[in-house]
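Next come two complexes, and both contain subunit A; in the first it sits with subunit B, in the second with subunit C.
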Partner chain A sequence: MAGWGPGVPGPEDVVSSGPWDGVWRVGGGVGGPGNPLWAVRLDPDAGHPAPRPPVVEAGADGSAPGSQGIGTSPVRPDGALKVRGEFAFSSDLWADDMLWGATLRSPHPSATIRSVDVTAALAVPGVYAVLTSADVPGDRYYGLEVADQPVLAVDEVCYRGEPVAVVAADHPETARRAAARIVVDYAVREPVTDPEVALAAGRLVRHVPIRKGDPAAAAEVVVVGEYRVGMQDQAFLGPESGLAVPAEDGGVELYVATQWLHADQRQVAAALGLPAELVRLSLAGVGGAFGAREDLSMQVHACLLALRTGRPVKMVYGREESFVGHVHRHPAVLRYEHGATRDGELVYVRARILLDGGAYTSTTPAVVANAASLGVGPYRVPNVTVDAYGVHTNNPPCGAMRGFGAVQACFGYESQMDRLAEAVGLDPVELRVRNALAEGGTMPTGQVVRGPAPVARLLELVRDRPAPPPVGAELWQLPGGMANTTAPEQVVRGVGYAVGIKNVCFSEGFDDYATARVRLELIGGEPTALVHTAAAEVGQGLVTVQAQIARTELGVERVVVATADTAVGSAGSSSASRQTYMTGGAVRAACRAVRAALITRLAGGRAGATDDGGGRVDEGGPELAGGALRDAAGRVLGTLVDLLAAGPVEETVRWRHRPTRSLDPVTGQGDAHVQYAFAAHRATVDVDPELGLVRVVEIATAQDVGRAINPQAVVGQIQGGTAQGLGLALMEELQVVDGVIRNPSFTDYLIPTVLDVPPMAVDVLELADPDAPYGLRGVGEPPTISATPAIVAAIRAATGVPLARVPVRPEHLTGTG
Partner chain B sequence: MRIDCVVNGVFRRADDVWAGESLLHVLRERLGLPGAKNACEQGECGSCTVYLDGEPVCACLVPAGQARGRDVVTVEGLGDGDELHPVQRAFVAAGAVQCGFCTPGLVVAVHDLLARTPSPADGEIREALAGNLCRCTGYEKILTAVRLAAGREHES
Partner chain C sequence: MDFLQPESWAEALAVRAAYPEALPVAGGTDVMVELNFARRRPPALLDLGRVAELADWGGEDGLLRLGAGVPYRRIVTELAGRVPGLAMAARTVGSPQIRNRGTVGGNLGSASPAGDALPPLLATGALVELASVRGVRRVPVAGFCTGPKRSVLAPDELIAAVLLPAERGPEQFAKIGTRNAMVIAVCSFALALRPADRTVGTGIGSAAPTPVRAVAAEELLAAELPWASRAELPDPLVRRFGELVAAAASPIDDVRGTAAYRRHALGVLAGRAVRRAWTEHRREGGAG
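Right, the complex of A and B next:
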């Protein structure tokens, strides 16, 4: 692997750029086998993992002690299994005697149920159970924040696709056919599908006002705009699925792909009418999440069927079912008024943001709070009036998706910043830099930003990158692509910029914690750390990160990360860019508690249990390194082999970030967020104006990650998140007409392919946040937020068309729509 | 119905197969080979790519009956025992694997590409992989993995 200068953190594929300037860089906007940038990127032999069971993470062969700790990019322990096809995803599970579940869903967005007749379904040979809401033994409603969503429809349906009944049968097709024979008598109602109508009708979920400064402030230059964001889908590839196995004690074991095992456990247990300890969840392989697995899908249904039939029940959604089986990104209408001085200094921002939450509450309250509190972007604004509303309609439910609330707002405020730049005659980057938030700046909520906030620097980093090559000569490089519809001479190019802000972790006074259990013992004579948490690895690389932290803290090579399950305390959700911060923080704290216990043992005392061991022996005490407790000079005080001869040391820690406060319900003031994260993008696009086709030529990202615990995973998050922002800019929208999704397939709901995504250069800043573990900053969401407005800005620059809606469609550019 | 075929070099038999089942379903649910994935089951994502008589196909679109008497190779059959195939190794080393749900299909597609075109240019790689969706990586590291695998195979 490429070597690193002292103190220069970076992944093996970083291209060093001369003297260390605090930024590490990946990619150069051009790539290819002949490019020397690629030649130095990777030494494949260094990354060759030995095949291992999924829970084992050991030091790579021959690696130097400590070489797999934080700041490095060790091979993912699940990597070999995944490339061999042997990693067990939730849809791969199988049990002897297993039945298959299927779901009957509402064909109407709104209807009263007069009756449900399951007789014909039960008569189908091979069917073992048909259940409706009458068969739900516990709470018939569930929800993450508000329990308003029925497990199975109760007397009415409120969106198309709502589950009405479930069937278990010995073949999936039998189950589906039986479900189709259930007779439901609906009295169809007129659905409410316009969020403005819903708001006027009082179907409000939450209103968050933000008031700062003078609400009547006036300015020399004023720009007003209205913007729209379509309904995006997470479109993870691994469908909703899992296996429920009835247990002998009357409980149930559920193997499932989810983002938050304990939130599932709480809701499933309530619906089953069982105590939580009888509902035991284990994380099965998760095929992507992006927010869509935060709410329940098939969890309760599979458990109900398993308990009723006494047999294991597997449920796997098809793709069309998946599109109605999870929540989506809230569509939004955003009205903005920006006032500024003639030299471009912001005087005020007024905004009204309306978010369509669909039929049930899900995470709409948090989405509204994010849209409001982050609604003016990472800028200094003395006077702010924002009103964000989330409403109920009969559209598909909306909830968590990567960057939630912040994504919609960013498209609005960044579109406005471009218009303001034009109005005052400034370069778009210059205008943003002039107003950029910085460390110690104040948010519209009155919260002072603690720690680095390098907004201006991020913009300058992407601006100063070399421009990508001119219009491509190969077909795939042209807007018309392989269809060969674009002549190179008609192509127009544009460049656009955007910067965004996101809160990391849970906000508004939520008791946000993560639990970690760390055990250090001798296995085969070698000190081995066992890390056990309930944190969901959804692809982001969290299992690797947990092991890295344990190696760094405990000074051992061998780390085993146990399968995530509910046998240990909650880790909270793999969402809000929080899991490396929270579960990483918990693992660090548990490791330090283990160290404290070893110090006690060294002193001849007993190792005491602790519930808050994080940081107790942070300063000055002995450290664990190279398999021993050492003093500050590195002298060995006791080897782990000796200290652990008396038996293992195990500590469990529940770890919290610093507390947050709720927002004042009238003024929106309050220190509601834990940490802010920032990213900036520069997009370069080529447009065929005749056909309205767009090709993104390059997209460059600069992001401050505080500390890159795993540089390869950081870059992976930035590139993957950026691609999802590209999708929202150009192609991804669930077409909902009268409450019906018209395009529930990958043929009609387009996500970016390898032909759509350009080279993605990345600049990573590591400016430590003094409040966070290792100074790290959440990474997952920021790149999705600003990618979309940067691309749209580039299209506007290329064409002059004042685009105000995403995704941009060809007809918006040709003027035919 | 009964399906006899050769999968990864081994004679396999599946009985009581319902006529509507796909090759993907038979592989995953009857033969214990869940490596080929089921992201869409309608030919849109490439996650189910396997070889059928040496041709890469979407196993979800192949009626199980069509596999009778034919030769199937899945992602599970590409490595050599415990040894990963160079394409598999490159995916791990390059960081091209996040959730990994797209990975088996991509590994087979890249295996096929490099068998036909040992040193593909970027445009050829993109064209060859355009039918394989990945939602996690943004494809950058997948391209790196292909270049890496191509370089190694070129050398050897």
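Right, the complex of A and C next:
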């Protein structure tokens, strides 16, 4: 990483060079969202594992050598376009002769289909095709883990909003009107909407037990609680959309906003009855994902219609349709019993976690495993009995969402830790610190935590932050905001803490890999790298990170990141906080393979490479820096201009993280996870208890990211994740009654506005994980997990109301539910 | 769908008479949402955005005449001193973008029980001016809404203006939402004190099929406020006022809140509103 080394001064962003304590800080009640005050310290200790000061902006001209490698925050290519409203999202796709697709959906949560009559729809002028399950040429069912979800309903519908038929027409309104003329004869059934009833009825998707230590352990202090988490939606802004274009060779090109192109390709090809190579996907502009684009939505439908009509077909869901068009976060009921000594040392945890998976399997099995294996939190617990269940109901399907099972569990165990602190008379942070997991500690699964696990330190960091300013006098600073409800004297303040744990990358023995192709060539006489992967940029900044890694590894400034598509191997999903780790790791490995090829070329074709392609650091060998291959002393062995004169060098690498194992089905023991990530929050809230209104005054977050590849993106993830956790704490819930979503709009599914999201103080730790590329740790999910319980703890502290459900509504605080 | 775009008020009324099925649209902040969600498919839209006569306000016979097309932003910036309750309500509408577009005329036209402008119009006894090629009539706001999204507006009529009485006194408005901005009211409450004639006006939003007054609560305050002495408010009076406001509502349980919470919150908002308004009244009289 040219330009930055321990103790090497960087650009003007460095405002202090006091003793390095391993933390860099942002905000602190001074800067608000979007206006962070950067305060950075340099590392005087060369022995520290990879601490680097963040660089918010690269050199003013953006071209200083080495200024845009890892550890910097180059301007992202989509940033200005998105701010100006000029970015092309998947809903903006266009082909001159395209048709529009529309979907007929079930109005019932559960019904048998007696017949479907499409005659009237086909008779509408402008309609080109009306398709039902009978028109699906390949597999009629699909799914990420289990193929149990029909492409179009087969003989029955199992949730309200399930696709029954699709229409292609020359105008979207025509398509919708035609869909409304399809006659479906339903025999309505009584839906199963209570997960307890579903469990009793044997509609189990997965049960994950965890057994550690003595199941009959007893303790001096026992707290028991039951907690509930409502159904949160990912609430991305760009609705499900894409364009399918039939190809000359009988295949189809699909341009779509998704999280995992190859998982889509596999499922679409199977449904179309085509070999995968005839189903070619390219990533279109993604307007947010958060897990909601892991399952298929319109992909197969658009391809079916395109192949049937021979015309490009575009589909764009409306907002209301989008709310039934993707999976949601699993609602949960969590029963916990914590036993501890009088000193607050945990003796045992027993938990039963019930997750409502809705109508189809989606990723419920993995969500259940997360809730179980992470179910006691980042704590040392000698005796653990956890049973997590996922069930099928006739509610909307639930699957992946940021935090993925860890969110629900964290609200349960952290609520319990606060009650335990009260029961033993300890400060909530002190109780947590006494029980904090640390490096080398053992999880309830028996897995030993490798690498840093600074749980106690993260808690201490947020605890030791200065307190935010006192209750404000301006309306916007008060609960209720501009709605003029509350005066300062009507406010009580509370502070709450929480810490969480999340697994990074795919677990339980899944063959998790990412593929990267890197080509180095002379373009206009200048060495230029082309990075090509199938990894989905979903707004997190992955394109920028890939280019940064290529610059650092190849010592070139010009890097082009190709559009993600299926012309290169799978990168896996943009989920599980894994892409910088996995695709970043693959890009690094491919760059090192390019370097190895250049070394071979330098040696006149003799095999001189020592890189194994696995991404391990090739210490002592020639390095690429400043446009040349150099020896350890920095002497030029050969310039890239000379080495590439003979032609480009291109390498493709499939890269894996270290293997994981499945969980024992009886004991839940096993090294199931690759990496653990931790974050802690302190929330300060002002509450108007008489009206039950809440304003979060400040949230302080501390997170260990191992290594900040792009510090600005790291902070963005922490702020965004925290805001999403705030949403779950205070307002975000799909209200499902008898299987029907009652609030499928942004009028009534509320997400935090700028007046709800407070200033965020962020402490970033960079304690390298020895197993991970550059020591990095997945960053996207941990801030979402503990934000919610920290805010609820703060509200409890302010009001004394024993809140046991999120989102907290004014009714819960005023006893008017 | 036809798009009718008259350039003057006279033309707008003629078009309205000729196309009574056309849906009038001003700022579009309600209508466009309805169209986007496919809840309405009118054969035509009647755009009032070019009608200059709707876009201004002025004095008229001791009344403030507020053109139906004046956006909320201008009410906040230009009229906070003259119609403070309405300006407080205008400030709670949507986002800055919505306040730039949305109008009181549109709020009346939608006739939603959650319309933020309606409670302060009720509390101040405002009149709605309706016009058609047949002529002009003025109806009290209290009689304008007849049910959820229903009003006395005839098929050939347009909303021209609202007329707010010019007599002065402390006014308050507050609304409950489950987030701190850009939220439809769970419930809202408006209060107007008129010390000159010792009357009280109220308006309740989002807690009945239409915005409603709390008449018994108004009568209680009018009779028992210590108008002359400007003495401190007796706590029992505040409490009783809150109870009567809550009792005047007929709220329901819905996705935004429970009926029980709405009643409770209305009682709290009413108590706070009368305390704030009375404090202002005492301050203006040199007391307190």
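The rule we apply is simple: the second predicted complex is superposed on the first by the 752 of 817 C-alpha atoms of A that agree within 3 Å, B and C clash if a C-alpha of one lies under 4 Å from a C-alpha of the other, contacts with A are read in each partner's own complex, and residues count from 1 in each chain.
By definition in this document, contacts are C-beta pairs under 8 Å (C-beta built on N, C-alpha and C of every residue); 3 or more make two chains touch, one makes a residue touch a chain.
As the structure is a prediction and not an experimental result, all values here were calculated from the model.
A.B. asks: Can A:F290 be said to touch subunit B (first), subunit C (second), both, or neither?
C.D. replies: First partner only.
A.B. asks: Identify the partner contact of A:Q540: answer first if only subunit B is touched, second if only subunit C is, both if each is, neither if none is.
C.D. replies: It touches subunit B, and subunit C stays clear.
A.B. asks: Where does A:V754 make contact in the superposed view: on subunit B (first), on subunit C (second), on both, or on neither?
C.D. replies: A:V754 sits against subunit B and subunit C alike.
A.B. asks: Answer with first, second, both or neither: which of subunit B and subunit C does A:G318 touch in the superposed model?
C.D. replies: Touch status of A:G318: both partners.
A.B. asks: Output check: A:L730 vs subunit B and subunit C. Expected answer is one of first, second, both, neither. What do you get?
C.D. replies: Only subunit C; A:L730 stays clear of subunit B.
A.B. asks: Quick check on the superposed pair: does A:G79 touch subunit B, subunit C, both, or neither? Answer first, second, both or neither.
C.D. replies: In the superposed model, A:G79 contacts subunit B only, not subunit C.
A.B. asks: Tell me the contact category for A:T528 with respect to subunit B and subunit C: first, second, both or neither.
C.D. replies: It touches nothing on subunit B or subunit C.
A.B. asks: Check the residue A:L693 against both partner chains and state whether it touches subunit B (first), subunit C (second), both, or neither.
C.D. replies: It touches subunit C, and subunit B stays clear.
A.B. asks: State whether A:T193 touches subunit B only (first), subunit C only (second), both chains, or neither.
C.D. replies: After superposition on chain A, A:T193 lies in contact with neither partner.
A.B. asks: Report, in rising order, the residues of subunit A that make contact with subunit B in one complex and with subunit C in the other.
C.D. replies: On subunit A, the overlap between the subunit B and subunit C contacts is residues 318-319, 476, 482, 745, 747, 752-755.
A.B. asks: Under the stated contact criterion, what part of subunit B meets subunit A in this complex?
C.D. replies: 18, 20-21, 28-29, 32-42, 44-45, 47, 74-76, 78-79, 82, 84, 86, 88-95, 97-104, 107, 119, 121-123, 125-127, 129-144, 147-148, 150-152
A.B. asks: Which residues, counting only subunit A, touch subunit B once they are in their complex?
C.D. replies: Residues 11, 13, 27, 31-33, 38, 41-44, 46-51, 73, 75-76, 78-80, 82-89, 91-92, 94, 171, 173, 234-239, 285-290, 316, 318-319, 474-477, 482, 538-541, 712-713, 715-716, 719-724, 745-747, 751-755, 757, 759-760 of subunit A touch subunit B in their complex.
A.B. asks: Please name which positions on subunit C make contact with subunit A in the complex.
C.D. replies: 33, 36-38, 88, 91-92, 95, 172-184, 186, 255-258, 260-261, 263-265, 268-269, 272
A.B. asks: Residues of subunit A touching subunit C in their complex?
C.D. replies: So the residues of subunit A in touch with subunit C come to 176, 318-320, 476, 479-485, 487, 490, 690-693, 695, 730-731, 735, 742-743, 745, 747-748, 750, 752-756, 809-811, 814, 816-817.
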